[in-house]
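Shared chain: chain A. Partners: chain B in the first complex, chain C in the second.
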Partner chain A sequence: MAATQEEIVAGLAEIVNEIAGIPVEDVQLDKSFTDDLDVDSLSMVEVVVAAEERFDVKIPDDDVKNLKTVGDATDYILKHQG
Partner chain B sequence: MSKIKPSKGAPYARILGVGGYRPVRVVPNEVILEKIDSSDEWIRSRSGIATRHWANDEETVAAMSIEASGKAIADAGISAEQVGAVIVSTVSHFSQTPAVATEIADKLGTDKAAAFDISAGCAGFGYGLTLAKGMVVEGSAEYVLVIGVERLSDLTDLEDRATAFLFGDGAGAVVVGPSQEPHIGPTVWGSEGDKAGTIKQTVPWDRFRTGDLSTLPLDSEGNVKFPAITQEGQAVFRWAVFEMAKVAQQALDAAGITPDDLDVFIPHQANMRIIDSMVKTLKLPEHVTVARDVETTGNTSAASIPLAMERLLATGEAKSGDTALVIGFGAGLVYAATVVTLP
Partner chain C sequence: MSSTNRTVVVTGIGATTPLGGDVASTWEGLIAGRSGVRPLEQDWAADLPVKIAAQIAVEPGEVIPRPQARRLDRSAQFALIAAKEAWADAGFTDKAGDDTSVDPDRLGAVIASGIGGVTTLLDQYDVLRDKGVRRVSPHTVPMLMPNGPSANVGLAVGARAGVHTPVSACASGAEAIGYAIEMIRSGRADVVVAGGTEAAIHPLPIAAFGNMMAMSKNNDDPEGASRPYDVARDGFVLGEGAGVIVLESAEHAAKRGARVYAEAVGQGISADGHDIVQPEPEGRGISHALQNLMDCTDLAAAEIMHVNAHATSTPAGDIAELKALRKVFGDDTDHMAVSGTKSMTGHLLGGAGGIESVASILALYHRIAPPTINIDNLDPEADADIVRGEARKLPVEGRIAALNDSFGFGGHNVVLAFRTV
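Moving on to the complex of A and B:
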C-alpha cells in the first residue's frame, strides 16, 4: 500500500537520522537537506538509495539534484512510489 | 590436418610478491587550497584525503614502475630474467606508442619478456591480474609482472574544486606465478559503456590538432587547459557503493568465500566515503582489515590496489597468506573483483 505524506516524512527522518545522525524531530517538510540538516552531496546519495528501497521508488541521478528539501523528496516519492 | 602441440601451464596461479613506489613529494591539502575555494575540513569530510604524492620530472611512469617492480620481483624471490611478460595498466603515459611496458621490461633486465599496456582505468590492476593468471595457467609465461602506475597530477584540473584534491601519483606491482593450489579466485568483471560519460577526460587529445583553440577550456589566466579527468560525483558514488558492493559479493561467492572467511578488503582507493559505505553495504565483519591508503596516497587509479596491498603488508596490518577481496572500478565504466591470497 502506498505510503502517506506523514509516513514518508517519518521514514525519511529515520533514514536521515541513521545516515547523518540528525535528530528525527529536526526532519521537517521545509528543511533543506544541505543547509538545514547538514546532509552533504554524498550522504544525500545514501539517503536516496535508502528511500528507494523503503518506498519502492526509483530516483534517477538526474532527479536527485532537484530534491532540495524534505518536502521535495516527499512530493517526489508520493508521486512515483510503486 | 597436423596436430599442434599445446602449451603447458601451471595448475594454478598466485601473487608471489608485491612492491610499491610513492613519489618523494608529499602534497598536503593546504597546497591544493591555493587554487580552489575550499577548506581542509571540506576535503577531508568528502574524501578522507589528507595528503597525496605528486611525481617530479624524474619520477616518470617508467621510472616509478621500475622501482615498484624491482621490489615486487625481489619479494617474489625470482630474478628479472624469469619474468616472461610485463603488463602495465595506466592512463597517464603520454606517448601513444610504443607501450611503456617495453621500456620497463628492458630496464628491469628481463630476457625479452612480452610487454604491453592496457587501459582499464581504476580497474586496471584487476584486469591485468586476470590476464596474468590466464597466462600462467595457459603456459605463455611462467612469471608475469602486473604494474599499475599513474601520474594523475598531470591529468588534474587544479582549479576544479570537485576533483583537484582527489588524485595522486605512484606505482604498484605484483609478480604472478605458478602455484599447486588456487590462490587467485574467479574474476567478476565487466563494463558499462552506457555510463562512459560519468568519468572521462575533459577534451580528447585530437582537439589540439586543429589549431583552433577557441573551443578548448581555459584556466583563470586565459591559458588553454591540459586535458583532465572529470566526473559526476554523485553518480559515481552511487555506482561505486551500491553496484560495486554487489560485484564484490559476487566475487566472494564465486571464490566460495564468506565474509567471515575474509581477512582483508582492498577496494580501489577512490575516496574514503566510498570505502566506508562499501564496507557498510557489504556488512563486512569487524575482524576484516580494510585498506584506507587513500588518506595519505589519494586516488592513484590503477596503482591504488597494489600500493594499498604493499602498505598493509609492510605495516603488519595484513600478513602473507591472508585472504583478501580486491575490487577495482572506474572510468569506462569498468570493474573487476576477485579474491586472492596475499603474498
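Moving on to the complex of A and C:
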C-alpha cells in the first residue's frame, strides 16, 4: 500500500536523523536538506538510497538535484512510489 | 637536512590505545605494566589461526557523534580523538585562526597509517556483493584513502601549511613525526600536528599476517602473547589506536607561553635494501638510520638514557635492533634503558610510531621508563639493558634523551630522538 504524505515525512525524518543527527521534529516540509538539515551532497545520496528502499521508489541521479526540500522529496515519492 | 635549523619542541600529546581512551589512562597502564591484549570474541574470529588482539579500550563511537563517525574510517576516528586531545593539551582553544595564537597558513598536519581505511574497503565490498551497487556508501572514497586521517585532522585544526601522509608500513607513524619536524625546521610551518593511527583488526588482515607466520598464535594466553626479548616469543599481536603530538618551533612555543614536554631533536632514516618483509639480521639498515640521526643532529650518545624499541616480539627483528644499537653506540648502549612497550599495547602498525613517541616523551618528562612485560626467560642474544617487568626510574638530574625506533615491511627504518628541556 502506498505511503501517505504524513508517513513519507515521518520516514524521511527518521532517515535524516540517522544520517545527519537532526532531531526528527525539525524535519518539516519546508526545510532545505542542505541549508537547514546539514545534509551535504554526499549525504544526500545516502538519504536518497535509504528513501528508495523504504518507499519502493526509483530516484534517478538526474532527479536528485531537483529535490531541494523535504517537501520536494515527499511530492516526488508520492508521485513515483510503487 | 634543515635550512634554518630551528629548534622543535613538543607542546601537546594525545592518544587512544588498547590501554586507555586518552594519554593519562594509557600512561598509567604502561607504567603499571598492564597488557591490553584480549581474546577476539567476534564470530568472525572463530576460524582464524589468531584469536587475540589489542583492541581499543574506549570505542570511538562513545566519543564522536554518530553523524560524524559514520563518515570516518575507524583509523580516522582514532586519529581525530588523539589529535583533539593533543591540540587541547597544547593549549589551543579553537581551530587555527579562531584561536589567534596560531596562523592557519603556518600550521600543518602529518598523520600516517600503515594500511589506510582497510575496514571501510572490505566492509563496502561486502555491501557491494550482498546488497548491490546502489548501496555502496558515497563516503567510501574519502573514508578509505590513506590520507583520510591526515585530511580530517587537518580540517579539524584548520591546517593550511600542508597536510601529508607518508606511508612506510609500521614505520609510518614515526615517519610522519619526522616529516613534521622537518616542516618546522625548514621554516615551512610553525606548528604541526603529527602522528600515526591504525585500525586493521578485521579477519582479512589477521588472516594475511597470520599466513605470513608474523603473528603470535598464543591464543590461550592473550596477556602473555606479546613478549619481546623472551626466548618463547612467536610473533606480534595486532593492536589498534592512535598517538598524535603537537610539534612547534621553540620560538613559537615560547611566544605563546606554551608548556614544553621535550625537544624533538630529529630523525634518522634509512632503508635496508635487503628483503620485502624480513629484517636484515645484523641490523645494518637500522645502524645506518641511527648513524644518520647522530650525524644530522647535536645528539650525544652519552645523553641517550632510554630507547623505546621497535621490539614487536618477532624472533628475528627484536635482536637485529639490539645489534644495531650496540654497533653504533658501543659501550654507551649499557646506560640505555630499553623498553618494548608493544608487550602491553600490541603492535599498532602505522600507529606504533605515534603512541610510542607519546610514551618516549612522557618517559623523559616524568623520567621513568615503562617496562617490557612477559619476559620469563630473557633471550641470551638480547645484548642490552632491557627494562623487565617493572617501570624503572631514569636519571633525575641533567639533560637526557630518548630514542623511538620504528621499522616497517619494505625495509623502512625511522629513528626519532627526543630530549628533556
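By definition in this document, the second predicted complex is superposed on the first by the 82 of 82 C-alpha atoms of A that agree within 3 Å, B and C clash if a C-alpha of one lies under 4 Å from a C-alpha of the other, contacts with A are read in each partner's own complex, and residues count from 1 in each chain.
Criterion: a contact is a pair of C-beta atoms (placed from the backbone, for glycine too) under 8 Å apart; a residue touches a chain by one contact, two chains touch by 3 or more.
Bear in mind the structure is a predicted one, so any value in this text is a computation, not a measurement.
Asks: Please tell me, clash or fit, for chain B and chain C sharing chain A in the overlay.
Replies: Chain B and chain C clash in the superposed model.
Asks: Which holds for A:E6: it touches chain B only (first), chain C only (second), both, or neither?
Replies: neither
Asks: Let me test your reading of the model: by the given contact rule, A:V64 touches which partner, first (chain B), second (chain C), both or neither?
Replies: The answer is first: A:V64 touches chain B but not chain C.
Asks: Does the superposition put A:D38 against chain B (first), chain C (second), both, or neither?
Replies: After superposition on chain A, A:D38 lies in contact with chain C alone.
Asks: Which partner does A:E25 reach: the first (chain B), the second (chain C), both, or neither?
Replies: Once the two structures are laid over each other on A, A:E25 reaches no partner at all.
Asks: Could you tell me which of 133-141, 223-231 or 385-393 in chain C overlaps chain B after superposing the two complexes on chain A?
Replies: 133-141
Asks: Does any part of chain A touch chain B in one structure and chain C in the other, and if so which residues?
Replies: Shared contact residues on chain A: 42, 45-46, 49.
Asks: Given the complex with chain B, which residues does chain A contribute to the contact?
Replies: These residues of chain A touch chain B: 40-42, 44-46, 48-49, 61, 64-65.
Asks: Touching residues of chain A toward chain C in the complex: what are they?
Replies: 19-21, 38, 42-43, 45-46, 49, 52
Asks: Taking the complex as given, what residues does chain B use to touch chain A?
Replies: 45-46, 232-235, 237-238, 241-242, 273, 277
Asks: For the complex, give me every residue of chain C touching chain A.
Replies: 65-67, 70-71, 134-135, 137-139
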